[in-house]
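Look at the two complexes coming up: subunit A is in both, with subunit B in one and subunit C in the other.
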Partner chain A sequence: MNIAPYLLLATLEGLVQASVLMLTALGLSLVFGVMRVVNVAHGEFFMLGAVGAWICATLIPGPPAVAFVAALVLAPLFVGAIAWAADWAILKRIDYNPEATIVATIGLMYIIQQTTLWSFGPNAQAVDAPFYYTLRFPWFGYSTYKFFIIGAAVVLVGGLLYFLRHSKVGLVMRATQFDRETAQNFGISVGRVYSIVFAVGAMLAAIGGVLVVPAQQAHYLMGHDPLLLSFVVVIVGGLGSIPGTIAAAILIGMSDGLLSVFFSPTLAKIFSTLLVALVLVFKPEGLFGKAGR
Partner chain B sequence: MQDLKTHSEFMLPRRKLLTGMAAAGAALAAPGLVGRAVAQSGDVIKLGAPFHRTGIGAAYGRWYERTAKAALAIINEQGGINGMPVELIIEDDGTDPKRGVEAMEKFAAEHKVDAVFGHLFSHVVAATAPRAGELKMPYFLCSEGHALAAGAFNRYTFQPCITDVKSQISSMAPWMSNNLGKKVTLIYPDYAFGYDHRDNMTAAMQAQGGEIVASIAIPPTETSYTRYMPQIPFNTEVIYHVMVGPGVLTFVKELGEHLGSQRPEIFGFIDSLEAVALDIPQLDYLEGTYFWEAMPRYAQAEQNEFDKFYREKVGVDANGASVDDAKDVSTFSHMFSVWETLFAIKQAMEMADYKGPDQKVAMLEAMESITGFAQSNEFPQGDKVFNGKTHQAFGHQNISKVVDGKLELTYTTSIDETMYPDETDYTQMSF
Partner chain C sequence: MVLHNKKLAALCLAVLVLLFALQFVLSSYMILAATRILILAVFAMGYNMLMGYTGLLSLGHAMFFAAGVYASGMVTYYFGVSLPLAFLIGILGAFAASLIIGLLVLRTQTVSFMIVTLMFAQAAYLTTLYFSRYTGGDQGLTLPTSARSFRLFGQVLDMTSDLTRYNIAFAVFAVTLIGLYLITQGPIGRLFVAVRENEDRTRMLGFDTYRIKLVAFTVSGTVSGMAGALYGLMFGFVGSSFAAFQTSIEALLYTLIGGPGTLLGPLLGTTVMTMLIDRLSGLTTAYLVVIGVLLIVVTLWFPAGILGTIRNRWLPWLK
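Then we have the complex of A and B:
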């Protein structure tokens, strides 16, 4: 067996997986890092992003690229607004209590899922890619749109890091993450920061959904796998650690791609779950996390 | 930092969301209420229909429901069954085995229906059929699974109007190996229905002197398929694919991306494209490939009057899509079974002069005594032979070729070609 084509395909698949994971997991990680909220509804924000892209594709006439660009802006804004509302209506009321937020976000997950089922319907809906061209290698073809996913994710994550490091909002977020009470003493409105962080986290998941939907399809149950994998990434990377999350997303994405292609996708899932178990036993703060503050 | 203006912009979506939530709650609660209200009336024949309204089988469920309602309207226009009107009680089972069983229990205990029909996905059937036997509920499948004919179920379970995978494959494998090639790669969903395909195709190809060079199982909940494609060996002569679930369109698109123009021959079960439009650019590569169809989706040049009648009543156009929405493609090769099963139930009930549960055993025995159905408005898919011992129907199978983005009927098997020796005899079981 000539191994080169398999290795190439596995790498490409792994990179695509890693790119989407990076976005969704960063959202989850940000929310946990700053707010200490384990957001079980995170996968549904991903799904809403995909559904939002479908709505844009249906309503906006013209070439698919126009609708896609609109979806990249509108869908995350829409999802961010929902997250903002959920934060105001639910999380704020229970004072961000860690146990209560888990239960509350489980409820939120079902509410979003069932509302989508009821309005969007139970069918998978395809969205046209902004461009359609298959790159032909000697052994197999590969959709060029998937390269775009990788590029877009890298740009977006770069942008997010820059925003966190160099903008005032980013500074305030990091201050709140580092020490909530001190931040409050310095006049930072922690409630407002939490709302923003929850919305931004959801928007990152939504962007992941928009990016993925032309390569897959929008479906009301599609939030499950990204949620699971995001948790895997966030735990392996260290809860709340942004660089750790990025590194773990690449590790999990690539190992998933390689194991899926060379062995089986089921084995890849077993491996990532096993990795979580091992990390929790031997290095509970995560591979890249700092020991508890 | 955000100012107050931005904050107030979020007021409207929030209110909308809350109204949406409340409405969703009401909508979710409603079906149960409706069900309870109708369960009271008497002197009607009540048929329970556990359809896959949601979950991975939703596309099938939508069309099963439309087809069942169309057939039911005809039956009631003709005076119902034995002078009694027929009422349909639909429960959504979410394409979930556990909920399938719950629906069956609800039909028996709460709605007290006379029979249950219309289950499709084989993992739901596998869970529900034993419960139907325990509850002594006549249970008519529209599923294609081989488990029933293999003797896995009970005397209450029938599949009178759709053929099983074993007979479909054993009749088509010779055509495939003679016309397309002998080195076959199988791609199938990773659950009971897929295993029926794997086991029967492997045996059938070996009988033809062929060989299965790879056997690729994919979970029906999968959303991305490219990573499975490298398992297709380069020496493959024929790719045989059957896929179900919400991701089927992604599956065929990614198969095309992967293979390009140097593709081997491809023979697919139409399941891989049920409810999916064929004429999109990403599926151009399917031109010249073959599909199995139970009933041709595209009205053929020599369309018969029964096909015409059936399409008109269900509301399906000549391309197999809804007359109201050309993008809403039907599950044409499966949904006829719901239509035909309703008429089969009617026939058995009339033979037994069925008035209520007192004649249940007589009705089941009448069903077992039926030897077949002739092609007609009631049985538009075609003639059928019914085996009362195995409770399974046998019928013609069609092989169609993709020509100009449409399916063109190429070969139709005889019913004899689809027969295999009995594997069980349910008439030996007690009621």
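Then we have the complex of A and C:
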């Protein structure tokens, strides 16, 4: 058996997965970094993005590309609004207590999941890719849309990094992350920053969902794996560290792709969950992170 | 032996008498429901040991429940081990699992602790799926007819009889309640609460808090696994769903509703929730939304649970 085609396919699949994962995990990482809370409902925001893309595709007539672009704008806005509401209704009221937030967002996860089941139905739904063009390798054809996913993720992450480094809002976010009390003393409305960060984090997951849905299918339980892998990435990359998260997303996305192709997806998941647990136990600052302050 | 907290002891005794008497009043359907409640209450009591008394919120107790289910169920299924012995093996399996996992996870705290327990439990769940050739995976294994009854002191006990099951569940519940009463109301229990209230201060007073937490963790995991072993053997079914995330959440919810850190809270929480879910199960999966809403409502407005609120307002001995 010639292993090269398998390796190429696994690498490509791994890169696609890594790019979507990078977006989703950055959302989780941003929320954790600035607000110091873990959002267990993050995978559901991803799922809502995918379902949003499907709704746009069914409601908007014309070529799939139009619906896709609309979904890329509308779905994240919709998900961001839900996250904003959840932050206002729940997280603010428990004062972002880390443990209570986890319990409450588990509740939120069940609510979003079941509401989607009732409205969207139990079936997986496919969405047409905005364009069809297959790149022919000697052994197999590969959809160019998947290359588009990689490109889009790189552009978005670059944009996010630029936004965090060079915009006023980004500065305020970083100030809040660095020292919440001092930031407040300098007149930064920490509550407002938290709302924005929570919404932006959810929107990043939603964009990941929109991007992935033409290559995968929308399903009300699809948020589970992205949540798990985002956890893995954020923890392995060092909690709240953005460069660490990006590096870990590539590492985990690729190795998950390789393990899934050569062994089994379940084994890949067992491996990554154990990796997270052991990293947290033995090296809590993450594999790429510096020791915490 | 000194009995600490006599009022609570009297209340526990009254509850036990009431539970024993229930079998003469309830219909056979309600007996079945009550049997499940008693077993799940043992699970929640084990969970409460760690979460309520010691203040360590685990999101992975399904792993210990399932350790009990699988250890006892698989020795019965594959080696035809008799039920009482299988039950002991189940407890032993859960003890080993909780000791090993405890040694690792107790190096972490608060949020990390929650995530690590969650991840270990997920790995355990996925493992039961991965080895579905042996575990039966999602479909599970149904224990053969030969494993549905056993002899004890010359009596044949039939696991398909409602009353037999109820009385066995009652016996295990009673032993657990008395055992946990002695632990939580005595000096060890004080140490658990001390760790919950202020771990640094407890350490400064010269106690090895890692060891205290390890004891709490192991007792908690073993009791949870005992409930699992009982559940699997009693209803003759072993399956991956016992190891799923939702099982951990149910223990958490029962404890939160009843009152974390109260001895009888888990029983009350399990009763209320099981009744509620039974009523709602007509609406297909509606109960998951109820679980979701309740998790949020409880964290927002009701963090002490039912008995916890009563304790804080009126009855300080209710702990």
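Keep in mind that, in the parts below, the second predicted complex is superposed on the first by the 293 of 293 C-alpha atoms of A that agree within 3 Å, B and C clash if a C-alpha of one lies under 4 Å from a C-alpha of the other, contacts with A are read in each partner's own complex, and residues count from 1 in each chain.
As a convention for this text, a contact is a pair of C-beta atoms (placed from the backbone, for glycine too) under 8 Å apart; a residue touches a chain by one contact, two chains touch by 3 or more.
Model, not experiment: these values are computed from the prediction.
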Message: For A:Leu117, using the defined touch cut-off, is the partner it touches subunit B, subunit C, both, or neither? Pick first, second, both or neither.
response: both
Message: Between subunit B and subunit C, whom does A:Phe231 touch in the aligned arrangement: first, second, both, or neither?
response: second
- prompt: After lining up the shared chain so the two structures overlap, which partner does A:Val20 touch, if you call subunit B first and subunit C second: first, second, both or neither?
  reply: neither
Query: Now for A:His219: first (subunit B), second (subunit C), both, or neither, which partner does it touch?
result: first
Task: Could you tell me if A:Ile90 is touching subunit B, subunit C, both of them or neither one (first, second, both, neither)?
output: second
- prompt: Does subunit B (first) or subunit C (second) touch A:Ile270, or do both, or does neither?
  reply: second
- line: subunit A contact check, subunit B vs subunit C, more residues touched by chain B
- prompt: Given the touch rule stated above, what does A:Leu108 touch, subunit B (first), subunit C (second), both, or neither?
  reply: second
Query: Of the residues on subunit A, which ones does subunit B touch that subunit C also touches?
result: 111, 114-115, 117, 266
Message: Quick check on the complex: what are the subunit C residues that touch subunit A?
response: 57, 59, 104-105, 107-108, 110-112, 114-116, 119-120, 122-123, 126-127, 129-130, 249, 252, 256, 285-286, 288-289, 291-296, 298-300, 303
- request: Would you pull the subunit B residues touching subunit A in the complex into a rising list?
  value: 1-2, 10, 13-14, 17-18, 20-21, 23-24, 27-28, 53-56, 58-59, 61-62, 219, 221-224, 226-230, 234, 246-247, 249-250, 254, 257-260, 275, 281-282
- line: The subunit A residues in contact with subunit C across the complex are 38, 90, 93-94, 98-100, 102-104, 106-111, 113-115, 117, 228, 231, 235, 264, 266-267, 269-270, 273-274, 276-278, 280-282, 284
Task: Quick one: which bits of subunit A touch subunit B in the complex? Just the residue numbers, please.
output: 5-6, 9-10, 13, 78, 81-82, 84-85, 88-89, 111, 114-115, 117-119, 121-124, 126, 132, 134, 136, 139-143, 168-169, 172, 189, 192, 195-196, 215-217, 219, 221-222, 225, 257, 260-261, 265-266
